[in-house]
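What follows is a set of structures for review.
Shared between the two complexes below is subunit A, which pairs with subunit B and subunit C, respectively.
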Partner chain A sequence: MTSQQQPTGAQPVRRRNSRSRRNQLAGLLFVAPALALVLIFFVIPLGMAFWMSLHNWPLLGKPRFIWFDNYSRLLQDTQFWISLRFTVYYTVIVTIAIFAVAFPLALYAERSRPLTKLYRTAFFLPVVVGFGSASLLWAWLLDVDSGLFSYVFAHLGLTDKRINLLADFDTTFWSIVVMVVWKTAGFNMIILLTGLQGISTEVQEAARMDGASSWQRFRRITLPLMRRTIALALILSVAGSMLAFDQFYIIADGGPQNRTVTAVYWIFSQSFMSFRLGYGAALSMVLLVILVVISVVQLRLLRNPEGV
Partner chain B sequence: MKLLKIAALTATIVGALSSSALAQQKLTMWSRSTSEAFMPTLIKAFNEKHKTQIELQIVPSAEMVQKYATAAAGGSAPDFVSLDLVYGPAFAKSGVLEDLTDMAKSLPYFDQLSKAHLGTGTYEGRIYALPMSADASVLLWNKKLFKQAGLDPNKAPTTWAEIEAAAGKVNGLGNGINGFYFAGACGGCNAFTFMPLIWASGGDILVDNGKRANIDSPQMHDAINFYRGMVAKGYVPESAKTDSGKNFFGGFATDKIGLSPIGAFAIGNLVKNYPTVDFGVTFIPGKDGGRASFGGGDNFVVTAGRDNLQAAKEFLDFVYSLEGQTLLAKGGSLPTRADVAAEAVKSLDERYQIATEAMKIGRTPSSPVYNDIINSSTGPWKQMLNEVFFGNDVKGSVAKAQASMQSILDAAN
Partner chain C sequence: MAGSRKSSVRGLFADVRYHGFGIIAGLLFLAPLVWSVLVSFKPSVEARQPPLPPWPVDGFSVQSYDNLAQYGAGIWTYTGNSLMVSAATVVASVIVSLFAGYGFSRFRFPFKNALFVLIISTVMIPFQSILTPLFLILTKLGLQNTLTGIVLVYVTLQLPFSIFMMRNAFDAVPKEIEDAARVDGASVLRVLYRIMLPLVLPGVVTVAIFAFLASWNEFLAALILLTDQKKYTLPVLMAAVRSGQFGTIDWGAVQSGVTLMMAPCLILFLLLQRYYIRGLTAGAVK
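For the complex of A and B:
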């Protein structure tokens, strides 16, 4: 009996197994194009960059395998660590500034009132300008001789004569922060707006009926329910800021006195001005690891207590 | 017999084809965009008179080095390149360039060719690059402003003290007029215009065959104090602090600057585009006199392994002829062959004569890492200059640049 029953019991298991394998295969086929893209445009270039970072790879001449020499040299590279520290400082300041502007804009644009669509469009408009073009525009605005700001400041009597805002670190730095906020707050506003619109009006209504003030509703309902949206906006803003380059290159040329050279600017400079492609690759790998760590920490900190 | 005839006929046809291919050899050449005013004319004139034909491609100046290096690595480099002379040692070191020593020394006028160009074209005793186009740094002064300030408009300053005194008087005119201009955040511009101050005073930037940096020298400190003095007295416009070279020429062209060290390229540009600016041209002096100039421009290089030396010689013979040198001069480049230079610029503005004299004494630091130490916007030279001209810690900045340059040179040697 037992011997007769075994085949009948094993058949459905085999069928299940083969169906499951077929499903797995079908799933694999469905994700294959995406996998191929990731492989070709991310994994392989990343592997190549890592391979390059293990070489003395000049733009001119033959590469030479040097194991981890580029990484040990990087530890002694004072300018890289200065640039990295500056980049982190910039990231913290600019992210806070973007949120400080984008959140009120999102709250304002969320409510249905006359001209809401016009406001949303106006706030979002700078986002569609590329960073390069926006930087060129601001380079003109900040120019001491022909720029708008120095002219207006002098005309209003705020300065004795036309002021060169790019000659001093603080004025250069804050000018670029203002430019970046102008350029990106609209994008963050849209992300935050989608989060706000995802909060059920019933919850807000219920809280209001229970006597919760607007601050209490914002603090106890809006903010907690926006956790995931905020996490997304924060990660995008931090990653973007850690990779800042265009605005510092075009507006300030890393000046005054190399004090606004960001980490990516330094990588660019080492790779394409000093022609050390291998060393540039090593710097890029380190920056990548730092970015991954920062993003993981952010995700963990902003994860819902319920794990949602 | 028939077979022999066919073989002979085939050999004749192949021979004729290959000789005509040789006679009508078509070669490719790249030149950077700054040479757009004279290179196409020069190549056109050469092609019209020679069986060897050159196809010229203008490459954006900022992309030339990367493009040529990448093409050389991929085997698709052009036959000839007109390359910024400062990159000669770097390319020669990498083995990309053909050794031109024998061909160069066979030229009967070899000793008349620009020494600055040959200096950067020579690597470890062999010549890899020869002069193509040239520009020399000179000092310009605005005659109209000199006159208004009570100075003799026809008397050029010959020492730093005279420059500072003249700049002060012109600056006193007010109304947005400044005494002196230089691009304060541009490494390349200041190599061109600030280094001659040091050379003319007896100092140097690189010594021991380019292996040792000599930044922390008395001549350097003197030159820094000279510029700092003029900045502190307000003779230099505020915009100079952040000028990364965009306004290198434009400052003087505004007709509101008394004096400015600049390239000879400015002469033709001012004459053509700013005819109302009345200016004089003189040599960049040393502290107490003397003269020096930075020899800039392009060198002619041949990509290695192409067997193009005969065609290269044919082309260079044309470039260095009076006709070639005149075509270059008319297009805005200084002549690169000294014995025909005066004749080549004879029909041009007479102020070119000073520039050709400056070219004869032109110098260029030679190093495979020139770009890294001097031109790079994050390099030690640019950072130091901006700090010492406008900052507070001169001694510290110079010492830091000296150490940084030396470490780059050590790593390259």
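For the complex of A and C:
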């Protein structure tokens, strides 16, 4: 790849040709490792996932081609649809909750006053902690004997005695929602903040001069101008929540009574606990299509205002 | 005069309200993190009680850390696994994306844009849906249950972000700089290493931070791809502890594990916050 000195007498055209070919080769060599990785660990597995979904594929033993039987079976898989419905329910609730916290935080943190940066950092710190660590942390806070919440609730007289918050569906669900909002609000705050900072102060100022109230300014200027940013935050939040696994596995173990088993959790348990790899792949394909469709629809709806 | 005093009173009130909110909200976000660290330094018996007050009453103790050290093959094995996986993911992500970013930014070759879009668009596909085939491919390659295998998966998952960052970083460097060096007869690799690398270093740092945080914290892929207990990374080990695989749950030990997992992330972020936020907003502004 070294660029050798060309003999000065070489014809200019040929020289350029060989040089550009060498350049092309160099470019391809530079991107080759990345392409190889994407091919081996993403594109091929993706094709394989579809191929596997057409098979009865046990962990050991020979796979058997069964056309679309896995897909017709998943239509009757009650637990899959319950999990999917639960995942959608969780996604809607948690996304609303995240925005309800992150938007005010972004508006708050946009101002540049002394200490604002410090507050912003504090809001953001839970983001850099992993979902695994955060889940283990909250599993403890939610524990009936050693945790914080049931003790405090009983102490304040909100409950008669210490109750196990993870024994009931609603308290489990809302506890996890609170944990996820705590963990991800800062992330969404930063995304929304970039949108807010992209709005020129002159526009806001002009509207203020014209006597627009702060609510009107927010509704008529801030929100419309932030459409793209909101779309991005929304897509990231929805996609992340539709794929939720760690917190439900670590904190609740899918309980109580399997009622917090998410879609990914169900795929995981079918593939790696029951070892129905083909069936798990079919479930994965369905989830994949749902996610891509949701993302595309959201992009469409929020990118161009006419679409709404 | 009355007006100015009134406005200064109002200003004071606004200040109190502003900082009051900041302090209270900030504490709410920080409290769980601090609580976990504090309880990890309580003696085991005390750590079993509800954590009020949050700090150790009977003096600081490292008993929970001693208990943590006893699980399975010993905490050093698991910490070592996690460190090796993260370090390798960081190094490999940086090298691969440095090359690819340079290639996509500075060279012309067939299908360049299509290949770039292909790599970037893999973010749309959830990796959760290809874990089963990944498991089989790694088995075929003899990499199942190896840290190398999981590193390759992590590097691939980070690629869309890493390459996007690095291509932008190279795009921002004026062409004239390397042309001058090329005229002087320096090889492509030498130009990349000597001239370009220092100029795109902020991008490299961003790629490295994200690669570290992602690989250090990743749970699901590690849970599936590492079935040999000795190969567990910290999140997989701690989830096993929490699920009671090592006997009764010792919450003090669990929180010392959480502290061990959180500490590098928090420290790294506080030191390199600028680069982290840059990475976060790069995609948002686009």
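Everything below uses one rule, namely that the second predicted complex is superposed on the first by the 263 of 308 C-alpha atoms of A that agree within 3 Å, B and C clash if a C-alpha of one lies under 4 Å from a C-alpha of the other, contacts with A are read in each partner's own complex, and residues count from 1 in each chain.
Throughout what follows, a residue touches a chain if its C-beta (ideal position, glycine included) is under 8 Å from a C-beta of that chain, and two chains touch if they have at least 3 such contacts.
No experiment lies behind these values; they were computed from the predicted model shown.
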Which superposed partner A:G280 touches (first subunit B, second subunit C, both, neither): second
Subunit B versus subunit C as contact partner of A:V292, first or second or both or neither: second
Subunit B versus subunit C as contact partner of A:V180, first or second or both or neither: neither
First, second, both or neither for A:D145, with subunit B first and subunit C second: both
First (subunit B), second (subunit C), both or neither touched by A:F272: both
Of subunit B and subunit C, the chain that contacts the larger number of subunit A residues: C
Touching partner for A:N164 - first (subunit B), second (subunit C), both, neither: first
Touched partner set for A:A244, first subunit B, second subunit C, both or neither: neither
Touching partner for A:A231 - first (subunit B), second (subunit C), both, neither: neither
Which superposed partner A:D253 touches (first subunit B, second subunit C, both, neither): both
Those residues of subunit A which subunit B touches in one complex and subunit C touches in the other: 143, 145, 253, 272
Of all residues in subunit B, those that touch subunit A in their complex: 65-66, 69-70, 72, 90-91, 93-96, 185, 237-239, 241-242, 244, 369, 371-372, 375-379, 383, 386-387, 390-391
Touching residues on subunit A, where the partner in the complex is subunit B: 58-61, 79, 143-145, 161-164, 166-167, 252-258, 261, 265-266, 269, 272-275
Partner subunit C, residues of subunit A touching it in the complex: 1-3, 5, 20, 23-31, 33-35, 37-38, 40-46, 48-49, 52, 105, 108, 111, 113, 115-116, 118-119, 121-126, 128-133, 136-141, 143, 145-148, 150-152, 182, 185-187, 190-191, 194-195, 198, 229, 232, 239, 243, 245-246, 249-250, 253, 264, 267-268, 271-272, 277, 280-281, 284-285, 287-288, 291-292, 295
Residue ranges of subunit C in contact with subunit A within the complex: 18-19, 21-23, 25-30, 32-33, 35-36, 39, 47-52, 95-97, 99-100, 102-104, 106-110, 112, 115, 118-119, 122, 124-134, 136-137, 152-153, 155-156, 159, 163, 182, 185, 187-189, 213, 216-220, 224, 235, 238-239, 242-243, 251, 254-255, 257-258, 261-262, 265-266, 268-270, 273, 276-277, 280-281, 283-285
